[in-house]
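Below, chain A partners chain B and then partners chain C, in two separate complexes.
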Partner chain A sequence: MSTLASNIQAPAVPLKKTRSGRYQLSQKDVSSWLVLAVGVTFLFSLIFFLGFAANYKWDQFSPAVAAKIATEFFRFDKIAFADQLSILALLINTVILGFITTVLGALIGLPFGLMAARNLSWPWLSNLIKALASFVRAVPTIIWVLLFISGYGLTSTTAIVGMVFHSWAFFVKSYGESFEEVDPGTIEALRSTGCTSFQVISSAVIPSAATRIISWIAMRSETNFAVAVVIGPAVGVAGTIGSVINGYSRVGDYSGLGFSLFCVFLTALVFELILTRLKQRSAR
Partner chain B sequence: MTEILSLKHVSKVYDNRVQALHDVSFDVRQGELISIIGPSGAGKSTLLRCINRMIEASEGQILFLDQDVTAADKKQLKEVRKNIGMIFQNYNLVYRLSVLENVMHGRLGSYSTLQSTLGLYRREDVEEAQRLLQMLGLQDRLYEKCSKLSGGQKQRVGIARALLQHPKMILCDEPIASLDPQSSKVIMEYLRDIATSMNIPCLVNLHQVDVALHYSDRIIGMHQGEVVFFGRPQDLDDAVIEKIYGKGLEDLLRHGGQA
Partner chain C sequence: MSYFREKRIRTAAFLIVGFLLTVAGSQRIQFDWILMITHFPAAITRFIQLYLPPDFSELGRMIQEMGVTVLIALAAAATGMILAFFAALAISARTSKNKTLTLIIRMLASLTRNIPEGVWAIVLLMCFWYGEFLAYLVMSIISFGFLARVYADAMDETSMDCIEALEATGASYWQIIFNAVVPETLPALISWSLYAAENNIRSSTIIGMLAGGGIGYLIGNYRHFRQFQSLLVAIVLVVAAVLIFDQISAQIRRRILQ
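And now, the complex of A and B:
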């Protein structure tokens, strides 16, 4: 008789049952109660704050107003054809803004991503670049755009620079992590053939990380489209669909608002579909 | 027979504490298949990687084609590495790329970075890669992604990549440890054939004593960083097995020998 077999025949330690009738599978400790207590407190204080303490005018949200908005919202026929065309032109502008900033950020981010990857770079350089990138990333894109505008004035170029700046930092982090996940064995195999470090990067590291890189770019182009939409009303960059939306909402033109938002929604949906397709293709 | 590689009193100490190799000396001749056996942690992988300086040896001399590898500068080391093919347990291919692209990596050393990045390989090199893959029975899968291959096929791609280097020697780090018995046999027979008919010596880390006995010209037995046996397979007896693997495994030789 082996020792394993005799062990398995020994009587099991009696199991504990919880009050809800399940068998206990893990040790309950104080921290899980603490998390629950904090969560409940937070929930109740949120209800109190929104319902009583803060000075929100909840009575303005009357069903009549909601009904008016809802009926006006989908009256696309109330907008002149010329206006529809100009809204579409602005939509294209916005898409291009998101696209350009993503591509530029992805390109400029590549060498920095390589320098940030621990397995390809020196530790001091990797730490330096990662620290710099996380500082840039910690500040939201809009704030960077505002910062650049205060320095260089309100033009679409400044908007691009600000958005690229934040995208760059995003790509440094995501590229760096993608490269770090490349199998060290593959890198070793290429190094052992006697090729240069750049060849290891171009022939092994980047191809191995390509799937991840593509999905990071896909993700960022969605984000940058969203930022490009918001950047109009938030910062005041003219020539994007956001500024048009802002204009309609100020004059209370719900039909214009509805049409513009519908355009944004449709574009985001198309984006999502294309990018999902792209990711699936690259993963194969 | 001429000597291709000769190690003299090679030692390796990690972080000034762990002695991975202690005073290792042996030589490899043309056309030989030499197996290195020993328990995990005996220093087999470290030993292989010291030869092409993927790991730096702490002491001793490594002569490869009468050139001291340990003293080679960057350019000489590149030449040494080009002349030594390497095969791995986990194949270490770029799985997103095709079979042919992976085999071409064996030739990277003779191309500039720009050429290899753009895939501007010379016709004769691609043709040779194709011939090698045909020789290894992969002619139908040239353009397939490596991730779609089975383990044995992946290892054959690894062998083709090593052979395209025109190596003077091949280092194999547990080439069959992740393979089923049938694929293992195929791979070992290829290695045996490479050693005998292509006259390229192979230095093979193995866990299977029976495989080592069957295919090797000579066997190196290692225990805790030291070479405790270096000789022909027929000289490997129970006492030697005990020295390599410790007590309790003496039956290895009589019972087909999975270590």
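And now, the complex of A and C:
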């Protein structure tokens, strides 16, 4: 009897009870319509943009520059050794900028992440902090940097303060989600033995979420590196590799541009490989 | 007991190394910890002085440019979708036929993904010119890199049964793709595309500042001409657009993926 029962599978569409008390067998399947509608919206906007809105004049495209980029981009031998060293130093600065921002965001985000986790805090506090974090996250990182220029001037402090805001919100969300997935039995067991909430957090919550936290940190380092590259040209904070890239593109030094681009690409690739490794480890 | 002690020592060493690295790094890039904290109230005051009250006089133009931004973001996500679909067919282990092609496409996707959007904008600016088309191009490249990876992951999760059953009936490669792989992965593909469009709207500020086109261009202009009160309105508009788009795509995703 039990084997028979286990062989019977639940219906794919769960039975739904209507208000009159009858069971409804057929349900409207919106999902396939929705998929179609979204797909059509995408395609329509593509056709509309390319056909009517873009009005790009192809004489603005300069094939000469494109050809020059293609031929001179990988001539790394054309750059002086001192220039290569200074590009590398700026690359290290960019990585440090991203690193410090990530560390600060991760540290400041930790108490707020605990407050945002539904199983560790009061519902009203959790909702409040989650709403605040989602608002801060909706403002692009570069805008946060832009807003703080008026206060701190064009220094690396500005860049860090601005980027920390966005990282903080990211960490609050991701920490909150990881903490909510901690086994409630463990927390309850520790509480019943008379542990204080600090002990519960330090010996149950954080250790069991640790692998996931580390992969969040790696993910954010990757994002912060990408942002740190572009704050130079976009906002004007000097001292990162982005300013050098912008300078080379203004002057038209394609080999220098190619070399610095290559450095950025390699660093981002290393970040991505680390992240993939960490994800595989936390999935196990 | 020694296990716990070892673990504690390892944690402490990790924290100390991290702390030293942070301090050395902040020395190197001249990041001022004390100024960051002590100057914060002054920074907020300065912000309030400069940015408030908001100036709504150019709201109409801003909304128009915001519409352009959303249009570009959707169009670029569509381009990325189409290109990434074929790239993912070449990358995914379920559907790939040719080892060299897999390697080439994988490298191409990695290249497009790992160069930040701002850098793409700077480089492409040299041979294309400022404007919406360049913004569209940059966003398409970014969407392609991102979508190729997640599409390939989604395709890796299709069940082998359908593919094998179709192979046994003698179906051709494209018949298998469009009758087994596409129907099974389509909801995931669409939901990732929505995510890509959302990312495009977010990065439109950077791209607009560097490459022109959409609301980002206006934001860059307001900054250059020190019209901070209009700048604040534009920023609020971007935030509103991101939040609304986020809500809509979350609703759609929930309906689709169930």
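A few remarks follow.
The rule we apply is simple: the second predicted complex is superposed on the first by the 216 of 284 C-alpha atoms of A that agree within 3 Å, B and C clash if a C-alpha of one lies under 4 Å from a C-alpha of the other, contacts with A are read in each partner's own complex, and residues count from 1 in each chain.
Note that a contact is a pair of C-beta atoms (placed from the backbone, for glycine too) under 8 Å apart; a residue touches a chain by one contact, two chains touch by 3 or more.
Predicted, not measured: the structure shown is a model, and the values here were computed from it.
Within the superposed three-chain model, A:Ala66 lies in touch with chain C and out of touch with chain B [touch as defined at top].
Once the two complexes are laid over each other on the shared chain, residue contacts for A:Ala80 go to neither chain B nor chain C. Applying the stated contact rule after C-alpha superposition, one finds that A:Asp183 touches chain B and leaves chain C untouched.
Using the contact criterion defined above for the overlaid structures, shared-chain residue A:Arg191 touches chain B, although it does not reach chain C.
Of the two partner chains placed by the overlay, only chain C lies in contact with A:Pro140; chain B stays clear of it.
Looking at the shared chain after the overlay, A:Ala268 reaches chain C, while chain B stays out of its contact range.
Contact with neither chain B nor chain C is seen for A:Ala131 once the two complexes are overlaid on the shared chain. Applying the stated contact rule after C-alpha superposition, one finds that A:Gly239 touches chain C and leaves chain B untouched. Chain A has more of its residues touched by C than by the other of chain B and chain C. The contact sets of chain A with chain B and with chain C never meet.
Contacts from chain B toward chain A in the complex involve residues 52, 54, 77-86, 88, 90, 92-97, 105-106, 108-109, 111, 113, 116-117, 158, 161, 165.
Within the complex formed with chain C, the chain A residues making contact are 30-31, 34-35, 38-39, 41-43, 45-46, 48-50, 53-54, 56, 60-63, 65-66, 69, 92-93, 96-97, 99-100, 103, 134-135, 138-140, 142-143, 146-148, 150-152, 155-157, 160-161, 226-227, 229-230, 233-235, 239, 242, 245-246, 249, 252, 257, 261, 264-265, 268-269, 272.
By the touch rule above, chain C contacts chain A in their complex via residues 18, 21-22, 25-26, 28-32, 35-36, 39-40, 42-44, 46-47, 50-51, 68, 71-72, 74-75, 77-79, 81, 110-111, 113-119, 122-123, 125-129, 131-133, 136, 186-187, 190, 193-194, 197, 202-203, 205-206, 209-210, 219-220, 223, 228, 231, 235, 238-239, 242-243, 246, 252, 255-256, 258. On the chain A side of its complex with chain B, the touching residues are 183, 185-186, 188-196, 198-199, 202-204, 207-208, 210-211.
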